[in-house]
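This structure is in structure tokens; I'll ask about it shortly.
Chain naming follows the written order as A, B, C and D, and within any one chain the residues start at number 1.
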Amino acid sequence: MMYDANYFRRFIEIFAKYLEENKEYLTRLDAAIGDGDHGINMDRGAKAALDRLSSTNPKTPGEIMRTVGMALLSSVGGAAGPLYGTIFMRMSLAFGNRDKIDDKNLATALEQALLGIKGLGKAEVGDKTMVDVWEPVVNFLKENIENGRTLPEICEEVVALAEERMKATIPLQARKGRASYLGERSIGHQDPGATSSYYFFRSLCEAIGGR
Amino acid sequence: MMYDANYFRRFIEIFAKYLEENKEYLTRLDAAIGDGDHGINMDRGAKAALDRLSSTNPKTPGEIMRTVGMALLSSVGGAAGPLYGTIFMRMSLAFGNRDKIDDKNLATALEQALLGIKGLGKAEVGDKTMVDVWEPVVNFLKENIENGRTLPEICEEVVALAEERMKATIPLQARKGRASYLGERSIGHQDPGATSSYYFFRSLCEAIGGR
Amino acid sequence: MKKLINKPEDVVKEMLEGMAAAHPDLIKVHFEPNFIYRADAPVKGKVALISGGGSGHEPLHGGYVGKGMLDAACPGNVFTSPTPDQMYEAGKIVDSGAGILLIVKNYTGDVMNFDMAAELLKAEGHNVESVVIADDVAVEQSLYSAGRRGVGGTVFAEKIGGAAAEKGWPLEEVKRVVQKVADNVRSIGIALTPCTVPAAGKPTFELKEDEFEFGIGIHGEPGRRRLKMKPADEIVQMMMDAILSDMPLEKGDEVALLVNGMGGTPLMELYIVNRKVSQILDGIGVKRYRTLVGNYITSLEMQGASVTVLKLDDELKELLDAPVHTPALRWRT
Amino acid sequence: MKKLINKPEDVVKEMLEGMAAAHPDLIKVHFEPNFIYRADAPVKGKVALISGGGSGHEPLHGGYVGKGMLDAACPGNVFTSPTPDQMYEAGKIVDSGAGILLIVKNYTGDVMNFDMAAELLKAEGHNVESVVIADDVAVEQSLYSAGRRGVGGTVFAEKIGGAAAEKGWPLEEVKRVVQKVADNVRSIGIALTPCTVPAAGKPTFELKEDEFEFGIGIHGEPGRRRLKMKPADEIVQMMMDAILSDMPLEKGDEVALLVNGMGGTPLMELYIVNRKVSQILDGIGVKRYRTLVGNYITSLEMQGASVTVLKLDDELKELLDAPVHTPALRWRT
């Protein structure tokens, strides 16, 4: 499988749509254990990214990801801004100036993004952050793609895994980010960043259908 | 009729009891068209007066009234403090150092008190203040006492008149005091000071029963 | 009612104790009767400025006691004018012989209690003058009311009068300049929420989610009108219309501005108000000489704001800029 | 939600415009990216202090820009850390060549965004150092969390660091003394009511009439524990126990105190809090060298308070007392 610039534009559009639709939901999740801005921030960031995409009209997948990354970095703020900004910047670096991205490139790029998040935030699986979704999902993708499967073939499994790991943050006590200040009171709530990460992977998968 | 120191002590006790019982009521009336403190202030003042009476134990009607007046002046504050303070101070002056007060003395003292209120506050009948109760009631008392009747004989009429004039403040627009700032919004509410004045005259009358 | 207090009947006393603990270099506190006075009072040769009023308007007046402003402040119970004995005892302590100026906000209760105190002080040989501040343009028909209320203009009156007194001006001169402030200052206030007097335990009025009160005073009382909620810019436009129609300012005039919070308003919102106030004044060519934004005269935890505009001349500018050092206002010292 | 605002998405921009209008002598405002900077920046030979964080904590940080305190403040959206481009652009304007000290409140988002800005500035040859403020003793198990939050101690860090920079100290020395403040300051906060982020339109949490939150931060987040409402003295005792058990103060030690309102608390209540704080410190023989009471670091219109205690030595005392002239803090100038 090869993914061209259109695919990545579609991915961003779908991700932005999910963030807009779930702005209040994400904000409510963040209000319970954080400061209630995650949905507002991500929606503002996604809109800034779409604006930047349409005004600068980047041509390659790498340029698209860089444009989105820069837009998120300078508009989201909070913890999610640098984290999501890094995700897209790292993916852009991994894509280089290729016109089309294959499954292997994609897996490598996502792995780089995961390393970026972990380097920045120092969170491990189980800390009740977006890493709880990212690490298992990226590992699953990497393994399957190394074994010759393609993203369209494993899409349903990816989305299901992301959803499962997102929900699995509920019983955890947060050890990183703002929710950690709540101590045991953070138990019983779903992590907002894990939830937006679920939409990330879901959008990546749905973008394929629009080919 | 002659009224001794015991009579005036009883008057103060009854007045204090009414103010305590109607603290919230007076405060509610004042909240509607003023700043919601009339009941609190009058109750605090009455308690200060009782304290002062029991600690200094004045012997004559004039001393009792002066003690109460000073206590009100230095504990009530607001508009009601000087007004009620003046009422008791003027009555004290009119009583002089007599041991017993007759109806004529009483009528004169109340007339002096009315002059005191009007001199201080510059309010006329119809301005929606305590003067709306005081002026007709004092005129009624004065006339009847000049015609040879005594307070016990006219008590019921005095209380009824005071109540009627108190209620008659409801449709008025305030032109003096804090309620005047509300303009037409002051219409439809009973004046708090007129209401405490009704308790004043009612207490003065009920104190007779306790002789 | 949820408040960081102990017993409602103790709030004023405990507040005064807390003030004394915070500012021992600036103020002293006298209890029963209650007043706050300059730590270095009486200041030789200097006219003594005394103000006061109900508590609940903090930092007014106690926060303005100190060098270049008040010599004493007499706090009544919450929203209740102080009693004459407070001003009387304060006057005896702070009068250095140069006389006393009473700065009185125009409320029936305040005026009567201060008048009584003035009589008591005069009877003992003190030279006493008063200026009444009545700057609230919300009170339209002032002939048919107790006159305009004294609100935000009081802060400027105390600052400017205090500067004049600090310079050693005689009583008549200090009175003249405070009266000049009173004559040239206008204010208007609005409320988004009511406030709760501790002893009452309930808010003085109720407001729906989509309503605000226009033309409030500073005692948690309802305003002149209840209106549907609007964007800040429209509310400020109404406020400025009320002020400017009462105070014809000409192009080139200079003003001091006070954009004041009622106690529970975030500073962010006050700056948003100031933005529009400034735009409106700039639009008519009036120069903003100095602007204060913050909580200067409040109504407990009420959310709302007031705007005060003082027309300046050279004399007022110099006195406004003069050094001041009090718990709540400090500059050039 | 009832607020004196226009559109929720415009609050930060309009607040900045209102600040620029109010304080043209002290600050300038840059838009897109947003930051507030000293009107006289860059100040030759002086280390530049930059701080920032989410908006909604006013007067922090923008109100502390000026002589003797910050050179620039970068406001994010309400309760949201600023983005790296803000600190980057601010740094380019305010660095006179003597280097930049970033004062960062310890939140994951703030730390990451400031770190990124530091990288960008270093890449362009600026000398950049950071100090992270983490003074909130409410965060008990700091090993199992993102570490303690930065709250009221930030005000002292900015004041004292600003004084050191103003004296012309080199970057390492300014950093050292700000780190000393960070090491010797402790805070704790409580809330009686939540607050509402304009863009969210709803309060972040709900509290019953008889409940309060103990151990809150400054972002309208719930605290460590929800407790039944108590008299002020008992609440303050709990707060001081939390601070003092983390910060063994000895008889004779001197401290600076900040009794801070969360934005919607009447000053009266803050003084009532200060009364008890002072009694407790006096009780253990700790000397109160200087006390600030008021709204210094807030959470929009939240009702509540925080207490910050900074242990002083001669160096810190001198720097604390040094002249400062900003919109929100001014003395000796």
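In this section, a residue touches a chain if its C-beta (ideal position, glycine included) is under 8 Å from a C-beta of that chain, and two chains touch if they have at least 3 such contacts.
No experiment lies behind these values; they were computed from the predicted model shown.
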So which chains count as neighbours of both chain B and chain C?
-> none
How many Å are there between the centre of chain A and the centre of chain C, using C-alpha atoms for each centre?
-> 54
Chain-centre distance (mean CA atoms) for chain C and chain D, in whole Å, is 29
In whole angstrom, the CA-centroid distance of chain A from chain D equals 32
Length of the line joining the C-alpha centres of chain A and chain B, rounded to whole Å = 75
Please categorise the chain-chain contact pattern as a line, ring, star, complete graph or other.
-> line
Touching pairs - complete list by chain label | A-D, B-C, C-D
Which chain A residues qualify as touching chain D in the complex?
-> 27, 31, 34-37, 40-41, 44, 73-83, 120-121, 174-178, 180-183, 185
Provide the residue numbers of chain D that touch chain C in the complex, in ascending order.
-> 1-7, 11, 14-19, 21-23, 55-56, 58-59, 63, 192-193, 209-210, 212, 229, 231-233, 235, 259, 263-275, 278-279, 288, 291, 293-295, 298, 300-301, 303-305, 327-328, 330-333
Which chain D residues qualify as touching chain A in the complex?
-> 33, 54, 76-85, 107-109, 112-113, 116, 138-141, 144-146, 149, 197, 199-200, 202, 204-205, 217, 219-222, 224
